[in-house]
Amino acid sequence: MLSFVLRKMGMLIPTFLGITLIAFFIAHLIPGDPASSMLGILASDENLRLSMIRQLGLDQPLTVQYWHYLSATLQGNLGSSLVSREPVLAEFLRLFPATLELTFFAMTFALLFGLGLGIVAAVKRGSLLDRSAMALALIGYSMPIYWWGLLAILFFSIGLGDWLPDLALPVSGRIAAEYDLTPITGFMLVDSLLQANHAAFRSALSHLLLPALVLGTFPMAVIARMTRSSMLEVMREDYVRTARAKGLAPSRVMLVHVLRNALVPIVTVVGLIVGPLLGGAVLTESIFSWPGIGRWMIEAVWQRDYPILQGGLLLIAALVIFVNLLVELLYGLLNPRIRHG
Amino acid sequence: MSLLEINNLHVRFGAGATAFRAVQGLDLRLEVGETLGIVGESGSGKSVAMMALMGLIETPGQVTAERLAFVGNDLLCARPAARRRMIGKDLSMVFQDPVTSLNPAYTIGSQIVETLKTHAPASRRAMKVRAEELLAAVGIPEPKARLAAYPHQLSGGLCQRAMIAMAIACEPKLLIADEPTTALDVTVQAQIIDLLLELQVRHHMGLILISHNLAVVSQIADRVIVMYAGEVVEEAPARTLFASPKHPYTAALLAAIPENNPIGAPLYSLPGLVPGNLERQANRCLMANRCDRVREECLLERPCLAMDADGRIVRCIAPLNGGQ
Amino acid sequence: MAYSIPESATVENAADSSLSDVWQHLRHSPASILAITYVIALLLTALFAPWLTLHNPVEQFREHLLDAPLWRGGTLDFPFGTDDLGRDLLSRLIYGSRYSLFIGFTAILAALLPGVVLGMLSAFFPRFLGFGVMRAMDVLLALPSLLLTVAVVAVLGSGLINTIVAIALVQLPGVVRLTRATAIGELAKEYVAASRIAGAGVLRLLFIAVLPNCIPPLIVQATLGFSVAILDAAALGFLGLGAQPPTPEWGTMLASARDFIESASWVVYLPGLAIMSTVLAINLIGDGLRDLLDPKLRVR
């Protein structure tokens, strides 16, 4: 097993290097030179600009610049924001827990409901239940997230606000303004529990519900469809027939024999979903004013704050690669043939 | 009381007039300790019939019969839970492709223990010991180590032995072996057949062996049923059948065995194809279009399975007379 | 008996369905028929937009700001109401279809052409070229697609052409991987080995043997990629990074609609409905095509 893990990690290195290359070139492809961006108004002073260029090392050949960039990156120095002057890495770490909390809940929702819908649809293939579940899934993954978010706000917040004001869900921020939690882990739910502030916990939870639902809809739909098709395929296998011939209860056949093998492609899909999930987080955070890295990056694009763009992309890509590694390891765990082969 | 009694079994796939008749009116009786061979080519319905017995036929398949009894227990109207108590315990089945018939995600030890846990639960240790004993009983070397092996790590022959171990785990009264050696090397085939025979004698099991390989069947069967296009066309004690086949189809099967053909000449084969759905509904002998002894009467009516002048059970209006 | 390899290796065509087969399949699926009708209607509307609209999509009618649509007491003058700048929503939606469809088509084409070439090359020359191309695709895939489009647009600037480039880039790895996988699968087949022994050259193998078998899965990929392209383009518009106002792109329309959720909800749900129904229809068609052309990938 260990050699399997090491092998997988080794394959990541070229990909990671490739990403650093892309991140590096972003700064150099953006129109306007970085020195002027940094100087702002002072950029009209030519001497100042030239000395800035020297200071930033921009007069060196590209390969040298890349080397500097790479070594700085590996030491954790990803530059500073042009707008806030704060180090990119620090800002990322500060804002990341919000996004992580959101995506975690979205993914949990997606897995629970996706697997559930998919299993039910597969077991009751052809029934009304099956067709409704799949219709729901189709709508779920055809819906533009940003629109779904706006509609959700319309129904669950404004709409409920008119009829059942107590149940109306909040749509902005992570927690009601009146709660002033000291950030320990950065995760509102955890922090509020740690500080035994139950009202704050409830507030944080209610703020999380709508965005997580909206973000998790697309992954849920994909997982539901994949689960169904994967289970239907596995149900045709010879070993499922053997399991039935052993007199096992149908539920055991489904859960122990079918689902276990059906999980393999589902896990692959889950790995592939991380990308769209993070992309969706960007949009969701925009709509719900969620202070995470998605919103941070979008604002950076509008403000041409390229160090954030560079650093953010690099970190997110590293994250995606890491998650894919975990998925591959999980894959190896689920499928003994991959481990040994 | 017979071990197994099947009367007028029909298995259809689909509904209404266009349903595919996989098995048409099968009658079968098996006594305790008897070995029955069922032979026929693909599409004859031999596997489907046994799977119907085990309750493995799913929609759109429909199983109907006048009687389907195992050790006196009615399998036809049995509630699913009651049937599941018998399947895998007193009545078990071994399938054709052993490697794909075992779950690749679990060790063979755990799969054997699963059977024990369902039908003969005991302490985990006791079940593990029993699983090891079973592997040894089927001739798997180093059984203790093999418990932790995954199906893809074993050869076809070992997988088949493991499957047999799983099937006999609860000392079944009847074991159905559906083409157990077809997917295996010729050298291994003989070993598996010997194993089945040995187990049958030792446990005094009933054994039904399904095969298209007449050589294999002739070795161990007491009685043989020949099936064609879902129907039984001949039934006889093994020795008698192979010595003097009465039905033209049986004769054709025997003639096609390589050993029965002169070296260098093309193998004998029956022209034509197995009847499809439409042909099976016609009211005439289903072999008519392939038989070289066909007469006008064969096309008028479907012959019944009946005892002929020599006391042999044949479905033919002009059965062969020994050795023709 | 002498064995002779036929002059033209007959390639078993996965898409052997004739037109009547297609019709048989469709007949049983009212959803597919609806989807196809919708898409055709949309194509026609987009094509004949200038003749079908009542007003100019960018013309602002100052006296008719946020007019309600017909079902909320509006007039036939503005059947779908107007937006916050007094522009007719129906006209904007119809013209918006042009942008979405145009971006979708061109982005897919822009991804297919280099993608198929790269995929084939990696299959035929797996050692260096193949390895390099696949690692490059891995890099592209490591970035979430939306972020990659955002990055490209950040670098190149916003606007229609750059949106197309960004979306094409995001679709590229999928096309390359699919082509490569199918090509490798075909190359491993016996008839290819037979052709090679008979002396067939690389190009011949490519066009006669491999390419035709890559087409069915590519069609499925292209259809689904089309719907993704529409979603991504609208997402960029929504974020203010795609087509810029006053261009009547559906996503851009949603961006400015946020403030009017409560007061004039039609400005929110109409453009979104347009996006969703188009994507839904294309996904349905894609599913149907997948069932027809590539049964291995069946979702049903």
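Quick notes
Residue numbering begins at 1 within each chain, and the chains themselves are lettered A, B and C in the order written.
The definition used in the following text is that a contact is a pair of C-beta atoms (placed from the backbone, for glycine too) under 8 Å apart; a residue touches a chain by one contact, two chains touch by 3 or more.
This one's a predicted model, so the numbers in the text were calculated from it and none came from an experiment.
Taken as a contact graph, the chains are arranged in an open line, each linked only to its neighbours along the path.
The greater number of contacting C-beta pairs, out of the two interfaces A-B and A-C, is seen for A-C. One inter-chain figure worth recording: subunit A and subunit B are separated by 54 Å, centre to centre, where each centre is the mean of the chain's CA atoms. Subunit C has its Cα centroid 24 Å from the Cα centroid of subunit A.
Multi-chain contact residues of subunit C (touching two or more other chains) are absent. Residues of subunit C that touch subunit A in their complex: 135-136, 138-139, 141-147, 150-151, 153-157, 227, 231, 234-235, 238-241, 251, 254, 257-258, 261-262, 265, 268-269, 271-272, 275-276, 279-280, 283-284, 287, 298-300.
Remark: subunit B residues 54-56, 80, 83-89, 92-93, 95, 97, 100-106, 114-115, 118-119, 150, 152-153, 163, 166 touch subunit A in the complex.
Those residues of subunit A that touch subunit B in the complex are listed here as 237-239, 241-250, 256-257, 260-261, 334-337, 340. Taken in their complex, subunit A has these residues touching subunit C: 14-15, 18-19, 21-22, 26, 29-31, 138-139, 141-148, 150-151, 153-154, 158, 225, 228-229, 274-280, 282-283, 286-287, 297-298, 301-302, 304, 306, 309, 313, 316-317, 320-321, 324.
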